[in-house]
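Have a look at the structure below, then the notes.
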Amino acid sequence: MSSNTFGTLFRVTSFGESHGAGIGVVIDGVPPRLKLDLAAVQRQLDRRRPGQSRITSPRAETDKVEVLSGLHEGETTGAPLTLFVRNSDTRPEDYENLRNTFRPGHADYSWFKKYGVRDYLGGGRASGRETIARVAAGAVARQILAVRGIHILAHVVSVGDIDAHTFDPEAIEANPVRCADPDAAAKMEALILQVKEQGDSIGGVVELRCQGVPTGLGDPVFDKLDARLAAAMLSIGATKGVEFGMGFALARMRGSEAHDPIGPEGVRGERAGGILGGVSNGGEIVFRVAVKPPASIRHEQNTVTLDNQPHRIAVQGRHDPCIAPRVVPVAEAMAALVLVDALMRQIALRGVLPEAGEDDA
Amino acid sequence: MSSNTFGTLFRVTSFGESHGAGIGVVIDGVPPRLKLDLAAVQRQLDRRRPGQSRITSPRAETDKVEVLSGLHEGETTGAPLTLFVRNSDTRPEDYENLRNTFRPGHADYSWFKKYGVRDYLGGGRASGRETIARVAAGAVARQILAVRGIHILAHVVSVGDIDAHTFDPEAIEANPVRCADPDAAAKMEALILQVKEQGDSIGGVVELRCQGVPTGLGDPVFDKLDARLAAAMLSIGATKGVEFGMGFALARMRGSEAHDPIGPEGVRGERAGGILGGVSNGGEIVFRVAVKPPASIRHEQNTVTLDNQPHRIAVQGRHDPCIAPRVVPVAEAMAALVLVDALMRQIALRGVLPEAGEDDA
Amino acid sequence: MSSNTFGTLFRVTSFGESHGAGIGVVIDGVPPRLKLDLAAVQRQLDRRRPGQSRITSPRAETDKVEVLSGLHEGETTGAPLTLFVRNSDTRPEDYENLRNTFRPGHADYSWFKKYGVRDYLGGGRASGRETIARVAAGAVARQILAVRGIHILAHVVSVGDIDAHTFDPEAIEANPVRCADPDAAAKMEALILQVKEQGDSIGGVVELRCQGVPTGLGDPVFDKLDARLAAAMLSIGATKGVEFGMGFALARMRGSEAHDPIGPEGVRGERAGGILGGVSNGGEIVFRVAVKPPASIRHEQNTVTLDNQPHRIAVQGRHDPCIAPRVVPVAEAMAALVLVDALMRQIALRGVLPEAGEDDA
Amino acid sequence: MSSNTFGTLFRVTSFGESHGAGIGVVIDGVPPRLKLDLAAVQRQLDRRRPGQSRITSPRAETDKVEVLSGLHEGETTGAPLTLFVRNSDTRPEDYENLRNTFRPGHADYSWFKKYGVRDYLGGGRASGRETIARVAAGAVARQILAVRGIHILAHVVSVGDIDAHTFDPEAIEANPVRCADPDAAAKMEALILQVKEQGDSIGGVVELRCQGVPTGLGDPVFDKLDARLAAAMLSIGATKGVEFGMGFALARMRGSEAHDPIGPEGVRGERAGGILGGVSNGGEIVFRVAVKPPASIRHEQNTVTLDNQPHRIAVQGRHDPCIAPRVVPVAEAMAALVLVDALMRQIALRGVLPEAGEDDA
């Protein structure tokens, strides 16, 4: 509804910018009596944070999470849970040359047109640091989902023209690209380093798999599960597309080969990606997100200044040459927010008239 | 927020099912004193309705729109505007064989799991007829957008493996496939008819182009314009993916070739599809939607019955062999709903402190 | 959120005006598999409708409810349930003299300023007929609440200076004033008739009692149960105040006499009206609503015309001399909408982590 | 919508509790380019804070506001504005005796039933300290309203049986009771001190006056201005009733004496309190809020322990004997939130079709 709040019952409000005091999130609708595992929240933030490897921005942030509200003796109370991460390694001087110009492919042009003002320091709120709020809230959501046996996993399936061909979930966190195919991972890493040296950047594709999702999540006709997941994914910076199951490939297929058959054990296959008519069908939910190359490159590009004069720009500073590996924990977090909200809605819908039948959720 | 309501300020509530009294929509937040052009609403409904050509379902509905509320002497009053279309050509007997079984690839399995009950007649609310509500509301939204010089156009860019190669906007409504390339259109039509004869179905891709959109629409970080458009598109039945600008192709590109340069006249090119950081950048907004092959085919498929026994199903009845051409007006309508809502939000944001600067919207 | 939609999970969208096609309501979030008792809905509409007695407007409407969507074989399906009542006894000619002027104390002046246009026929959407939507939706909500043992009852406790002194629930529907004190009821009726003959109108107070409400309903800090009930009551035309428990009298008391003691069986007494800190405390929920005298009187008053010229107005036509008796079923309906929504929210909040403790709802 | 978020376009999310890190608020939808006057925000917080006089709680908090996000070079940017106030003078030991029991008339009983857990330290989130969030956000809203010439003022019109009889706006902040009648103020203060010495507490009534509100604010039929204001007021702890204009007194009057006449200069009088049909009529908006006596008194009362055993309680610690004077800035703040939100909605509604007529807002 509002631009910085996401969700209906499990509602997350994100705040903060790259070079302000920090980034935070208020989570409203957290069920009470959850024994919050803060270390698990920190682990997710560590997955997101810069400086993890040679292929990420070297900004040196520890990103330690702090609880501002909502915990009492280690348990949630039903009050809003607020998590906050301070900024420490800010370098406003790095952005002085951006004060009066716009980066092609970056939010700063369109946001300036929208707001009539801009915080050019580190991208302000358009910074990737905003995703701290998402990852922290998602880490809480995941603890609730885990109780229900729902788990979410994302991995990079392509960088540039290099595609993953095998899927070993154990491999994902063992390489800096977060690719489930170790061979492809090595090639992707080499490509990213090469691109980085050239002062360029490169895109990639992230795949998500949600396991253990019960049938019945999603709220037709407008809050369909795929519609919500799509909005969640496209709300992440640098994403330009999303597809479910076989996605765009389905548009080239015939019905006789495109549909997952149904058996007594449920839907077989993932051509539909685990969602039919916007509602989870009991299978694994599978979708992919296209991530474009980052905008901040040393390569010279045509742009304009604030007073609309032509200008050539070459961006310096600390930037990621490929953002897909760091989109992985963010996309997982956003998916978790969508799923816990859909779960709570389904519980309300089917729980109010208990005698009206079993609740599949 | 709620499952059958869409929008924040221009809010549309859809109701009705395939074999009930009819399909309707309540539009709340319509600005007062709009001289409603009902004939224009009817024309949009006529574009959506079945029986238009050999490649659409032969169900014979006139789909005449009726005003239930909100007009006074031909003008909107600020009261909710309710439009209603009665069902006439219902054939409940056609669905008797679906009473106890599920179609693979169709919403009826997952919806039954969600609700514990189902209206199997014509798909109930999962029917394509529900889109009447969207098209009617979208037709109203378009009249508001037109005042602001904003126009939306969709067309089919592929059916199965046949792609359009040229773009002549005049050609779109001149062929039943709604393809802007007349040569490709002929081949697509032939393919659809062939598939239909085989008792099969086929997918396609729809492209949307929104012209005249001012800079500044979209509300970071969660209600980004692309996030809202993506949710709108994925809320349409049979859609499985959406991509903006060059979309998934950007994931294979380098930054040095992926970004639209900026000149004194604005952003040049549509690699980003007219949206940067979730906010319109002043260029044409371009995106594509993947449409899967319809689920109702004569081809035999494995499924189960309501009591979970294995079953072979071959669907009879009146169905579309390719739904992409009929998605065209629906997708346009949903895009219009997103844009008018974003426009109203931007007017509120920038209008409340007039001295704070020019409003780009 | 939106002006004509009420509720978070059980969401009601009202549409229609006095002299249009009719009045309707879309109810979204109705739990599936409710065997809807349409006769019970009709009974509530009959309690609201004009022409019931000598003290109500003689407009002759049968107000028969019609189902436009959401029922399948008598059961709800999870689809939006739409109920519609056609207008039949419209008399546009009665309002010709109001076309160019405003009634003091009526919505038509402020609404014209808001919308820049007005539907002067029967008050347009400001008509009491709009409450048909509320009563119909409330009747559905009550069927859900009844399953949970929750019942709502309202009655008139004063008309002008005549107060009820006894409380016999059986008496309420046995007199046209809907007063639980038969003696006071007779005096109230006589006063209303006298006022009517004088071409004047009179105010009154309605009390609501909600029985069987479990502890724990209401969502601090902004969606407190009393805040939601207050908004619901003040959204009804002609209401000017609301107070819970002892209400304004508490402002004159000391703490030592103002608080309900707590015993092992729960909270004793209704000084707080069954709500503490915005959450139901397990006691009966009791509150009162102030209803002003209707604006449409034959008595001459100072006003202006549409072009802002001074004018004297004396309103003719079919109007209620005291609206409090007809507010009774409307206020009950609105309370039912608030309670079912709060109940569903509480079920979601406490149901998602089942091991976290018992759900009091 | 969500329990801790208030507003549609100007949206405020409150977080924090009495004995946690502090109290904060995220304000989303703040128009960009507002030069925020932080000193003015601090002044409002100073009006709310404890320890101001002999009649308020002696808790020693400086309540210094800190900006966590949303400002760039002193201006708002369109990003969420987050304000935070740290707790410093917490005394958890004061609440040890409340760990296992409930205060009659306090939220702690019903909240425990709702959440199944409670933060008994200082009332947790039910503490009056939560209103810091409201006052801080309201102070921002007031800066926007001031640009539009809208001003809000509240004062205490009664404490126990002592009523104010004169109205001198200058007097309000000159006495600790915030009463506009200096003579009554002295008596009220004496009464409060007497009650305090007796270990008791007392109620009062607060009146609000909103000046300069344009015609046309408020969104029928559910988001009427009075409905929104009522919800805002009843969401404040300790409030038990609200009435607009002559309020409950109107229920005893005849139409011929109850309505404000209309003249060429607008509506004359404040019997309706400046709102007709839920929409501002151009007059001063006037309403009153009933405030009950605080629950924490030394007087012994019957209650139960957590394991439901009868218990006698006498509350020690730092509490206000009469909360009405401190409700004054909180109620003003909540009214400001409602008005700025209604203003932005009206601007959107009337601004989107500029040629459709003048916007009264």
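Each chain gets a letter, A, B, C and D, in the order it is written, and its residues are counted from 1.
Rule of thumb we're sticking to: contacts are C-beta pairs under 8 Å (C-beta built on N, C-alpha and C of every residue); 3 or more make two chains touch, one makes a residue touch a chain.
Only a predicted model underlies this, so the values are computations on that prediction, with no experimental measurement involved.
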- Query: Where are there more C-beta contacts: A-D or B-D?
  - Reply: A-D
- Max Cα-centre separation from chain B goes to chain D
- Query: In whole angstrom, how far does the Cα centroid of chain C sit from the Cα centroid of chain D?
  - Reply: 26
- Just how far, in Å, is the C-alpha centre of chain D from the one of chain A? 38
- Message: As a quick test, compute the distance in whole Å between the mean CA positions of chain B and chain D.
- Response: 45
- Overlap residues in chain A, where contacts from two or more other chains coincide: 1-5, 8-9, 14, 29, 32-33, 78, 111, 114-117, 125, 350, 356-357
- Report the residues of chain C in contact with chain D in the complex, numbered from low to high. 1-6, 8, 14, 102, 104-111, 113-117, 125-126, 130, 158, 160-161, 195, 200-205, 215-224, 226-228, 230-235, 237, 240-248, 250-256, 258-264, 267, 272-273, 275-282, 290-295, 297, 299, 301-304, 308-310, 324, 346, 350, 356-358, 360
- Contact residues on chain D for chain A in the complex? 1-5, 7-9, 11, 13-17, 20-24, 26, 28-29, 32-33, 66-72, 75, 77-80, 82, 84, 111, 114-119, 121, 124-125
- Item | In the complex, chain C residues that touch chain A | 1, 8-9, 29, 31-34, 78, 144, 147-148, 340, 343-345, 347-353, 355-357
